[in-house]
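Next come two complexes built around subunit A: one with subunit B, the other with subunit C.
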Partner chain A sequence: MNTPTLESSLAEIVGAKNILTESEDIIPYSFDGTAAIKRLPRAIVFPSDAQQISEILKLARSQTPPVPVVTRGSGTGLSGGSVPVEGALVVCLTKMNRVLELDTANLTLLAEAGAVTQEIYDAADKAGLFYPPDPGSMRVSTIGGNVAENAGGLRGLKYGVTRNYVMGMEVVLADGSVCWLGNKCVKDVAGYNLRDLFIGSEGTLGIITKVLLKLLPKPAARQTLLATYAQMDAAAATVSDIIASKIIPCTLEFLDRKTIRCVEDFAHAGLPLDAEAVLLIESDGHAAAVADEAAQIEEIARKHGATSVRRARDSAEAAQLATARRSAFSALARLRPTTILEDATVPRSELAHMVRFVEGVATRHALDIATFGHFGDGNLHPTILTDERNTDEMHRVEAAMREIFDEALRVGGTITGEHGVGLAKKKFLPAQLGDASYTLLKNIKRALDPDGLLNPGKIFD
Partner chain B sequence: MQNLLKSLDYSVLQQCMHCGMCLPVCPTYAETKEERHGPRGRISLMRAIADGELEVTRAFGDEMYYCLGCLACTSACPAGVNYAELFETARAEVERRHVIKSTQRDFWRWSVVKVLFTRPRLLRLAGRGLWLWRVTGMQALTRALRLTYLLPRRLRELEPQAPRVGAKFSHQLIKPVETPSKKVARTFLSVPPSQTAVPFRRVAVLTGCVQDLAFPEINRATVDVLLANNCEVHTPPVQPCCGSLHAHNGDLESARTLARRLIDMIPPESFDAIISNAGGCGSHLRHYDHLLRDDPAYAARAVEWSRKLRDISEYLVEIDFRKPEARAVTQTVTYHESCHLCHGQKVSAQPRAVLRAIPGVELHECPEATWCCGSAGIYNITQPVTAGRLQDRKMANLRRAHAGIITTANPGCHLQIQNGLRAEKDTITEVAHPVVLLARAYAAERK
Partner chain C sequence: MNTPTLESSLAEIVGAKNILTESEDIIPYSFDGTAAIKRLPRAIVFPSDAQQISEILKLARSQTPPVPVVTRGSGTGLSGGSVPVEGALVVCLTKMNRVLELDTANLTLLAEAGAVTQEIYDAADKAGLFYPPDPGSMRVSTIGGNVAENAGGLRGLKYGVTRNYVMGMEVVLADGSVCWLGNKCVKDVAGYNLRDLFIGSEGTLGIITKVLLKLLPKPAARQTLLATYAQMDAAAATVSDIIASKIIPCTLEFLDRKTIRCVEDFAHAGLPLDAEAVLLIESDGHAAAVADEAAQIEEIARKHGATSVRRARDSAEAAQLATARRSAFSALARLRPTTILEDATVPRSELAHMVRFVEGVATRHALDIATFGHFGDGNLHPTILTDERNTDEMHRVEAAMREIFDEALRVGGTITGEHGVGLAKKKFLPAQLGDASYTLLKNIKRALDPDGLLNPGKIFD
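Moving on, here comes the complex of A and B:
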């Protein structure tokens, strides 16, 4: 009798049509949304439930040597998290994409991890409820990927990030055991908060298969404003002043001149092409409160020299502006062949300084850098526009990135506000964590995944 | 000859930064949720070939033919990736390598694409045959006698879907040159000039192959609405195919030959605009500049041609067409966007503007108006299963609009929807081109 190959055993678990091994099938899984990183996996499997994943993990672990397993949602990650390790098995959850339950009595939603974020938003919306986290990639990314990266979004300022909405999850550990963490209780302090351990774990501690999410009532009204500036500093000052005036709008987004141009080229949203910077601001809540807040914001913007403040006429125009903002990163790809998006975040008081610093780095290293981001959160996305085939330029990119992160850390910031460490940032992590925390991180990994089966080489070596 | 994907300007491939923003709009990705069946995956395969990491294989060829070429990905892509060019180049390379072999396929390609669609007279002859077949009851007879079993399987499945060929072709309905009547000109001179297309213009109308065979009345209506807007309309009676089918199926050489013939027949210098009324043709016709850029004799004229090419609805809006006067018969109308009109030509608001201008028309939007109906050139021949699923999805969405008339501006979609209605045994709902409704409204004015 022939000994079964890994592939044939996998086919027995998930069915032959849910395993891909041909070159034409696996090449498209050799990358994610991160620029310039590419590695070929051995095979892709599409499981349909936690049980199958458990069997897959046991099988991968029983090989000599164990075959690494990389979990993948939609592959929109921007830190190389789902880029496979060479020869790895990719477990792709895009076919586990159902919304399982909408509990309007408890305001929760249960979905399979491969459900697309937008579909979760839509399901809640139909019931008059609201799922706030909205990463720019929400039409594509999966909820599992969002939880694994603790994704932020355009509404992070007022509503927080994915972590703030995860009440529970089902997760398969490296040894194949299936755990359920958390529940529908608003309060629960039984034991360590294990659920939180898996949020932002980037597929290194377990495979999330179901997510229980908290929903909010839908805000009654929304108002979107677009403020235009002739100077970057004026935009930054507006942001500080809004926060200092104890106003927390739901969205406070920033685009610089280069980004405005690329975005307008794609979205035709009527952005001012001659502006140095724009702020996209959204206020939501009760109609009266929104009207009041919008008026105050407009006044503050004008006080700081906004050349114009435009209010979206209706929800269609507001949606168009949000779409324009969401396309910022991809639209920048119009300028140069390779687009490297960074994710430095600083305390909000340091924003203006940081933006200026990035401009200085661009000049010093003769690089093209555009900046946009979630200004209200202090989360900047300096985006380096380059060409991966130009070795000399790529060295300068390397140096520039190092300077940006060093400065972010110096002023009390972080090397990533929302995209995760993955492959792209792991060399900067020790500097941020310091020895003891870095060791603690590694010990946790070792305790949960002693064989280093799950997404090895991500976050740290 | 070098691999075509390798000789492509590499930056076109590099433009894709694999962000995945195109995935939710891709109908084939929605079917399988596998990367290879989405734009990002397909581009990565093309790039792997250009980089010498992958051969042009049968599986690659199949993938390129599984792609609908609907170009929904190009509308969704913020990075501005030119998927249309990548796709045509990839298909051309697949053809050049002969990686997909099948006698049935060769028969189809040879007969449909090469022979029929490069010879307009032969195509009309075949069309006339089809028409005779239908009107003389031969169709019923062969079906009754089950003669269709003699046909190859694919052909047999298709037979009930074959277009109902019109009794007359465009050249029998349209004179080579038609001038706006004095009366027409006078009527609309009484309308305030800001609302009218008063200046005299000279335009050429392209009759298309399928449009000419199956829907000659759409061509007639196109001429009528142009006349009603003070255009002198030139419609050469025997026009070669525009080559869209060829380019779309990897035969770029034939596409170039046909483009040159059409440019010779309709010299772009002589017209204010060249009008197409079929989404698929228009999308290809607009890119003659690109197609012929390396042809020293034609490059400049092709640029002029592309500059003047307009979809009929687009042109009407551009010249600020005259709104027909009120004579309300309420009609509920919905609009299905042909992929190549909305994604290929970015003409989406204009057909709606034409419809809204018609007194009595109530436009009901249908969900997913831009989602492909499955027609996609000859996709319903090459990929009947997927095409069928897309057709079902489209019909369900159209139903949600509760409209008495479904409008669309591409003959492939038109047929696909008609066949969908027929399958549902719906004999009431009408399928029409927006300009047909506009032409009817102008005609009603004269009564």
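Moving on, here comes the complex of A and C:
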């Protein structure tokens, strides 16, 4: 009797039709949404439940040497978190994609990790409920990936990020044991909060297989405004003044001149081509509250010299404006072969300074950088339009990124607001965390995955 | 030259006037707000910053055998989390009590861990801002204790708990290293979320020394209602219907007949003495939204047979009603020598069932149990009025508690919604977590505090 190969043993676990090993089948799993990083895995498996994943992990660990395991969903990540290690086994959760339960009495939704974010939003919406996190990739991204990366979105200012909506999860640990963390209780302080440790752990501590989400009542009304500025500083001052006026809009987005032109060319939403900056602002809630808030916001925008303030007349126009903002990345990505989307984030009070700093960096390094982002969250997306084949230019990109991160940290910010560390930013992490915190992180990784089986080389080496 | 004693070395670190070693001075630090648990520490130190705490930890570890360290603030905890281990060194943070910064541009507040919760609320309030978490003990509790226990309060339904307002912290680890976790960014996904691991870790993983809190704009309006019921089920049905109607009030509190009578006798707030249950409901936000919400809530309450619905005419009457609810514990505590305040919590849909179950337990075990709590959160406070000197009765209390916890878990709940595990509930924790999660917890403790120096014997042995 022959010793079974890893591949045949995997086929035993997931079924022969749920494993890919041919090189032409494997290539699409060698990268994610992150520019310029590709690594070829050994095989892809599509498990159907936590039990299969437990067996896969035990099998991978039993190999000599152990075979690293990298988890992925739709592969929309922007920091290389789901790019395989060379020769790794990829566990792809896209076949575990069911919404399992919508509990309207407790306002919760239970889904498998491979469920698409948009489908979760839609399931809640149909029941008059609301799942607020809306990462840019939500039409294709999976909820498991959102949780593993703690994805943000356009509604972070008022509603927070994915973390704020995860009440519980099923997770398979590196040793193959299956845990439930959390429950449907609004309050629970029984033991350490390990649920929040797995949220944002980028597949390095365990494999999330089910997610229990908190839903909210759907806001009754919504108003979208577009404010146009001849100067970026005036836009930034508007944002500061809105917050200082104790107004927390649902959405407070910013596009710079380059992004505006590019988006308009792509999406034809009627953005003003002569503007230096636009703010896309959305207020939601009780109709009277929204009306008041929109009026106050318009007044503040005009006070700071907005050249125009356009209010969406109906939901179609609001959707058109939101789509314009949502298409920023795709629109910019058409300009040059390589698009590097950054997400340095700073305290809100440092926004204007940071946008100017990025402009200076672009000039100094002769780079094409467009900036847009979640201004209300201090979450900027300086987007470097470049060409990965041009070695000299890529050196300048590297230098520019380091300057941007250093400055973000100097003013109390972070190297990543919503995209994660993954492969793309791990060399910048020690500077942010400092020795004691960085050591603590490694200590946690060692405790939960002593053999370094799960997504090795991500976040840190 | 004599070898310095532990006490003299501690005095070197914190100054002679910041250490207590005489037994009459130590006794007040031998217990906290939890009934029937007392243990005498060896000494109490009052450090003034993280650096001193770092030195204290290194010194405690260097003893043979190492001296356990127990952190406390005001000692208002209800699960024995700050009760010393026999012979422990108590690190009391009440002298580190300053509010260090109120940043109105970023809506944050930085405080030392020993700052009193009420003072934080007041500092925010003065600036037109709002710190929502309001544990019952907030007039005396410290923010560090609130964070270590992840304290809840009356506004949890709409605003969440302490965890939802902690953006960052300074923490001294068991090895004496000092970490900063988090920052002023609304979004940050750089590395594992260790901040949330320390929140609710009950002093067993590190000593929290500073806390960076998120503030909200102060709600513009507020309306308080008191709905009276001849039957508990009608009150529970009202709560379910409010949530099903997509209304999330700020506060949704419940008092049973025994609590009502007791509170009225104590606080004279005009509660109806013939009621089986009252709901105290508060709506806050934009004035028009509050008016609509209050009207809808009143209609729902009447539909479910409320015998009366009283709307507070002004803030004085609202405050009187809130005080009535806030005094429930103190009022009940006068009745018998020992008051055991439980906080089993269930998904909201299981509330009516759980209240009835507690009534059945009281009857079966011939115990005096009054129930009140945060109905909107599913967070009940069955309060056992007993006498710790009566051994037979205490056996029945023990049996009753076990039945209540078992039932809470059976319906998907938790043994503790907001009080923590500490000493009081550690034997019930394994049943809630299951083997894999429980092992994971211990694994984390071992990784962060390998010598078991910090608050040993809490949460688990």
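Rule of thumb we're sticking to: the second predicted complex is superposed on the first by the 461 of 461 C-alpha atoms of A that agree within 3 Å, B and C clash if a C-alpha of one lies under 4 Å from a C-alpha of the other, contacts with A are read in each partner's own complex, and residues count from 1 in each chain.
Here is the rule we use: a residue touches a chain if its C-beta (ideal position, glycine included) is under 8 Å from a C-beta of that chain, and two chains touch if they have at least 3 such contacts.
In this text the structure is predicted, and so the values were computed from the model without any measurement.
> Taking the superposition on A as described, I'd like to know which of subunit B and subunit C A:S240 touches: first, second, both or neither.
The answer is second: A:S240 touches subunit C but not subunit B.
> Going by the contact rule set out at the top, does A:T224 touch subunit B (first), subunit C (second), both, or neither?
The answer is neither, since A:T224 touches no partner chain.
> Which partner does A:G412 reach: the first (subunit B), the second (subunit C), both, or neither?
A:G412: touches subunit C, not subunit B.
> State whether A:L433 touches subunit B only (first), subunit C only (second), both chains, or neither.
In the superposition, A:L433 contacts subunit C only.
> Quick check for you: in the superposed arrangement, does A:A333 touch first (subunit B), second (subunit C), both or neither?
In the superposed model, A:A333 contacts subunit B only, not subunit C.
> Where does A:N455 make contact in the superposed view: on subunit B (first), on subunit C (second), on both, or on neither?
In the superposition, A:N455 touches no partner, neither subunit B nor subunit C.
> Taking the complex as given, what residues does subunit A use to touch subunit B?
For this pair, the touching residues of subunit A are 20, 22-25, 27-33, 35, 46, 74-76, 94-95, 97, 116, 118, 137, 139-140, 263, 265-267, 327-331, 333-334, 337-339.
> Spell out the residues on subunit C that touch subunit A in their complex, using ranges where they run on.
103-107, 128-129, 149-150, 152, 156-157, 161, 163-164, 173, 177-181, 183-194, 196-197, 199-201, 205, 216-218, 240, 243-244, 246-248, 285-289, 292, 345-349, 374, 376-379, 412-421, 425, 429, 432-441, 443-448, 459
> Sort out for me which residues of subunit B touch subunit A in the complex.
11, 14-15, 17-21, 23-24, 33-36, 38, 40-42, 44-45, 48, 53-54, 57, 59-60, 63, 77-80
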